[in-house]
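Each of the next two complexes has chain A plus one more chain, namely chain B in the first and chain C in the second.
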Partner chain A sequence: MTRRLLNPDQKRGLIGSAMLAVLILVIVGAYALWGESYQARILYATFVNLIVVVGLQVFMGNGNYATFSHAAFMGIAAYAAAICVTPAAVKALSLPDAPWGLNAFEMHPLSAALVALVITGVIGALTGLFMSRLTNVSITIVSIAILVIVHSIFLHRTDIFKGNQALFGIPRVFGLGHITALVILAIVAARLFRESRLGLRLRAVADDEVGARAMGVNVVRARMIAWVVSTLFFATAGIAYAFYLGTISARPFYFNYVFLTVAMLILGGLRSVTGAVFGTLLISLGLEIIRWLETGPTLGGVKLPEMLGLSGLLLGIVIVGVMAFRPHGLMGNREIEDIVFRRKKTTEVSK
Partner chain B sequence: MDYAAQQLLNALSFGAEYALIAVGLAIVFSIMGLVNFAHGEVIAFGGYSMAVVGTVVTGNPLVLMAAVLIACVSVSLLLERVAFRTVRKADITTGLLTAFGVSIILQNLYLLLGSPRPISATQFIFLDRTLLIGPVHVSSLQIYETVTTIAAILFLTLFLKRSYLGIAMRAASRDFQMVRLCGIRANRVVATAFAISGLLAGLACIFIMARRGSVTPHMGFDPVLTAFIACVLGGFGSLPGAVLGGFILGFLEVGVLVLLPQTAGGLAQAAVFLVVALLLFWRPDGILTPATEKGDKL
Partner chain C sequence: MLEISGLKVFHGPIEAVHGIDISVPEGSCVALLGPNGAGKTSTLSAITGTARATGTIRLEGRDLAGLDIEDRFRAGISIAPEGRRIFANLTVFENLRMGAATRTDGGIERDIEEWLSRFPILGERRSQSAGTLSGGEQQMLTIARALLSKPRILLLDEPSLGLAPKIIGQVFALIEDLRHEGMTILLVEQNAGAAIEVADYVYVLANGLVTRHGPSGEFGDGSGLMGELTGVHD
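Up next is the complex of A and B:
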């Protein structure tokens, strides 16, 4: 029997991710035409978040688990890339006490990124040995454990990571063009993963683990591969973050960031890549508006008071509201092409 | 010897606090499968109501303790009614994420209406005195804490074994549908679970406030995270498991602090979490999990 290169679902997946890519390009184009320069930073941050959320979708969405460790993997990759790429002369200043000759070499950004990806992937595989064998609530707990362990190592080894102080002097080699390409790549990759045999198996496990096992799905293997793939997404985001900002510290790679990205995924809908993209864009837009309100602007002649905590409040309300009224998120099980074209054969789409 | 006795008491009192919170989480989970992340915010609410009652009404510690307990129970019941009733039939992940959202909302409300800085409420500090028993220096708070926890667990056991509602709750943790078919109101069982959980949170709040003397929006987060881990370690939904897990974590924490060299003090939490992860690898469903087959509840 000859195997076709792509089955119909995967073809639809390519069409769908192409549509999402067009959406991303439209946003970038709009910025290029009318945007102001400070908005480049916001757009870049949104795109980094987008890569993370799409990566979350790979494991958390397809498998329907709640995991909170992605900020840790992002941090590992960001630090690894930063330490590799920063010129030795700068490192002599910023990391004078670094052990193992960490401050005595420098690399090309590309090889630094590769090293960071490999390191994160290996750590992902090691933690994956645990994650793939655990069950629901334990997965959440162990992911929190990973987050806390990595964060305390960042804070403790100030000679390598500088703790809460900034690690500075990272060459700023990335711009909006790079991140746009990466986002599109991430969307296509995540979508193809979702429609691949592994993605299908993982979704089957999420629906009915016993049934999936009975059909011959190797649950541990499916979880393991998805877990490692998703850590690579986080690594990419971390590297992009370090290469754009030029300084990193341990603080952003912790619970607050985890809350933010999880809320984005939930709003869009765990099960679909389109949902991940829409959720990220909507929440990023909402937060910008809220941030503006938080500073106490003058609106129609009325000076509004400063309101700290409003953005967090919004995130919480989004999560609770979505869970109560649309437990499967805005998109549910649908992808973008399901909205644009009807499916020919009526398969069961939403619950 | 004195040192060992002192550390033992430290471990017991830490363990008692975690157990108190962990049982509050477990009792809700055993009945409706909800991982109540917002438990820490219930504790913080107790702290805030203490600060308000303490400054506006009276500083009498006994009245304040009652106020804290009432506040925690009522906010716990309110959360059940407003937020968690809608997700009662949903799967674990949905419930967990909802609770997570509620927790963020409450934290930010405290931030918005209260203050990001600590608000002092020192009326319970008097509980914490240093006693000298033989050669050992002992904090009276630690003794109160251990004793209260043991008493609370005994009362809870008695309630669950002897009272009508308690038996209904134990039955509900096995098979909720069957309990409803026997003519017991689901809402009453769930509400009781939340009330008990709130009461335990209130007790924990009193001890936390006695130690800290101030209240911040995030004060519940760390203890509840630890208690949550205690629950999972003991076997989620099992009450003896929650108590066991709480005490294991208490001993682990003190053990790690004693054994690790001073320079590695910052890694204590990491070491505790590492041990927990290894324990979970050994028994993914916790130590005292009731043995249920997967796919049993169809």
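Up next is the complex of A and C:
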């Protein structure tokens, strides 16, 4: 018997992804027309975050787990790609003590990206072996442990990662065009995954694990695949990050970044890819406004005081506020096409 | 079709069912009646593989011992569980897709559409979260979902529980239809009257033992049995 390439829900997902892609292209277009050059960096960072948050939706959102290790996987890929792609001559300066001949070779960016994806995917699969067999609270705790372990390796193997010092000289091969294409690809992939048999199973497990098993669902397998797939999203984001900035250090791949991206997903709504996109865009915009407020601008003739630390406050308020007043985020179970086509309300139900 | 012998079911150290024999012939509807705590749901849990049990359970001659819950489902045992355990955050359509999660043939969408037209109210609400359905609609959904796997045998756990009398009538009309279509059904119920009406054969369970069994005709309209089971006599 043949099975069709896409099921009806996935076809609907493609329509929804196309709408989100248009939104992304409108933002890029607006930048191209009216933006200032410093905003390219902000936009690029927003899009890197978007890939991470959409990747979070794959495992954390569909499975309704809380995980905090994504910055670690992003860091692994960023370092792997950076070490592979940086010219040997530069590495002789930046990583003079690197073991295993890490400073004696260089690769084409595409090969470097592939190596980084494979390494992150393999580490994802290895950690997935136990992550997929754990239950909710243990998944959260182990994910934090992964984050801490990876971060301390980054910090203490200074011969490979340079710790909190910058690993410099990475060829800057990516621009806004690359990241735009990757973001759209990530959105499409996440939507297709969400509506796939596997995504559906994972969402069913989130509602009722025993019930899902009684429908023949292999819960461990579903969790394993979703976990590895989500690490590949983080890897893509990490590679894009390294290929744009040209310099990386261990500091950004830690708790601050984890909370930023988790807040984005929570604001938009864990269960929806559209929610992941909206949450990321809204918080990114909100942070830019706050950064401007922090500097103490003059508003309507009134000079505001400098208010440093306001951005951290915003993230806290967003998480607490959404949890208290809208626990399923802005989108709940809905995707963009549900709103545009005004389909019957799909109210979210708490367990 | 389904042969159970010497079945004991345990919840932790407690033995809930003390060695019962039940036979469900192919194409028949067998009712398992009894009051709360008689061991009816425990028996179903033993069949689906969610409770620890000893004794033998054979489906079409195949011993199910050692098969876990997923494998038993694949072997053809499908349950519409008690309390209408739908996936509340999935839509009606997605719940039905879950029923066919293990199928690999190309007829899944056609079968789902068939069920949605059989229950027009579900058809109207196909894109709605299943958690927003009424109790009766959820019950129809769990039964349709259980059947979408094309099971060899359908287990129904208290399908009338908590439903209005009119809706109970609709649920049992559906069970009657399924029986006429040749579905093999093991029906667990407290509503003895309605169950006896649709069943071919009846087992009465009390305190973990089969106290009576026989063709449904022997049980009349079930009113005497209700008194016997609940201890309430007119």
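Throughout what follows, the second predicted complex is superposed on the first by the 339 of 351 C-alpha atoms of A that agree within 3 Å, B and C clash if a C-alpha of one lies under 4 Å from a C-alpha of the other, contacts with A are read in each partner's own complex, and residues count from 1 in each chain.
Definition applied: a contact is a pair of C-beta atoms (placed from the backbone, for glycine too) under 8 Å apart; a residue touches a chain by one contact, two chains touch by 3 or more.
Computed from a predicted structure; not experimentally measured.
Look at A:179: by the touch rule set out above, it reaches neither chain B nor chain C. When the two complexes are overlaid on their common chain A, residue A:190 makes contact with neither chain B nor chain C. In the superposition on chain A, no contact is made by A:74 with either chain B or chain C.
Residue contacts after overlaying the shared chain place A:204 against chain C, while chain B stays out of touching range. Counting residues of chain A touched by each partner, chain B versus chain C, the larger count belongs to B. When the two complexes are overlaid on their common chain A, residue A:215 makes contact with chain C while staying clear of chain B.
In the superposition on chain A, A:84 makes contact with neither chain B nor chain C. In the superposition on chain A, A:153 contacts chain B only, with no contact to chain C.
When the shared chain is aligned, no partner comes close enough to touch A:43: not chain B, not chain C. Within chain A, the residues touching chain B in one complex and chain C in the other are 208, 210-211. Only residues 1-4, 7-9, 197, 200-201, 203-204, 206-208, 210-218, 271, 333, 338, 343-349, 351 of chain A touch chain C when the two sit together in their complex. Put simply, chain C touches chain A in their complex at residues 48, 50, 69-70, 73-74, 79, 81, 85, 87-91, 93-94, 97-99, 101-102, 104-106, 109, 125, 127-129, 131-132, 145, 149.
By the touch criterion stated above, chain A contacts chain B in their complex at residues 64-66, 130, 133-138, 140-142, 144-146, 148-149, 152-153, 155-156, 208-211, 259, 262-263, 266, 307-310, 312-313, 315-320, 323-325, 327. Of all residues in chain B, those touching chain A in their complex are 35, 83, 86-87, 90-94, 96-98, 100-109, 111-112, 116, 225, 228-229, 232, 236, 264, 266-267, 269-270, 273-274, 276-277, 280-281, 284-286, 294-295.
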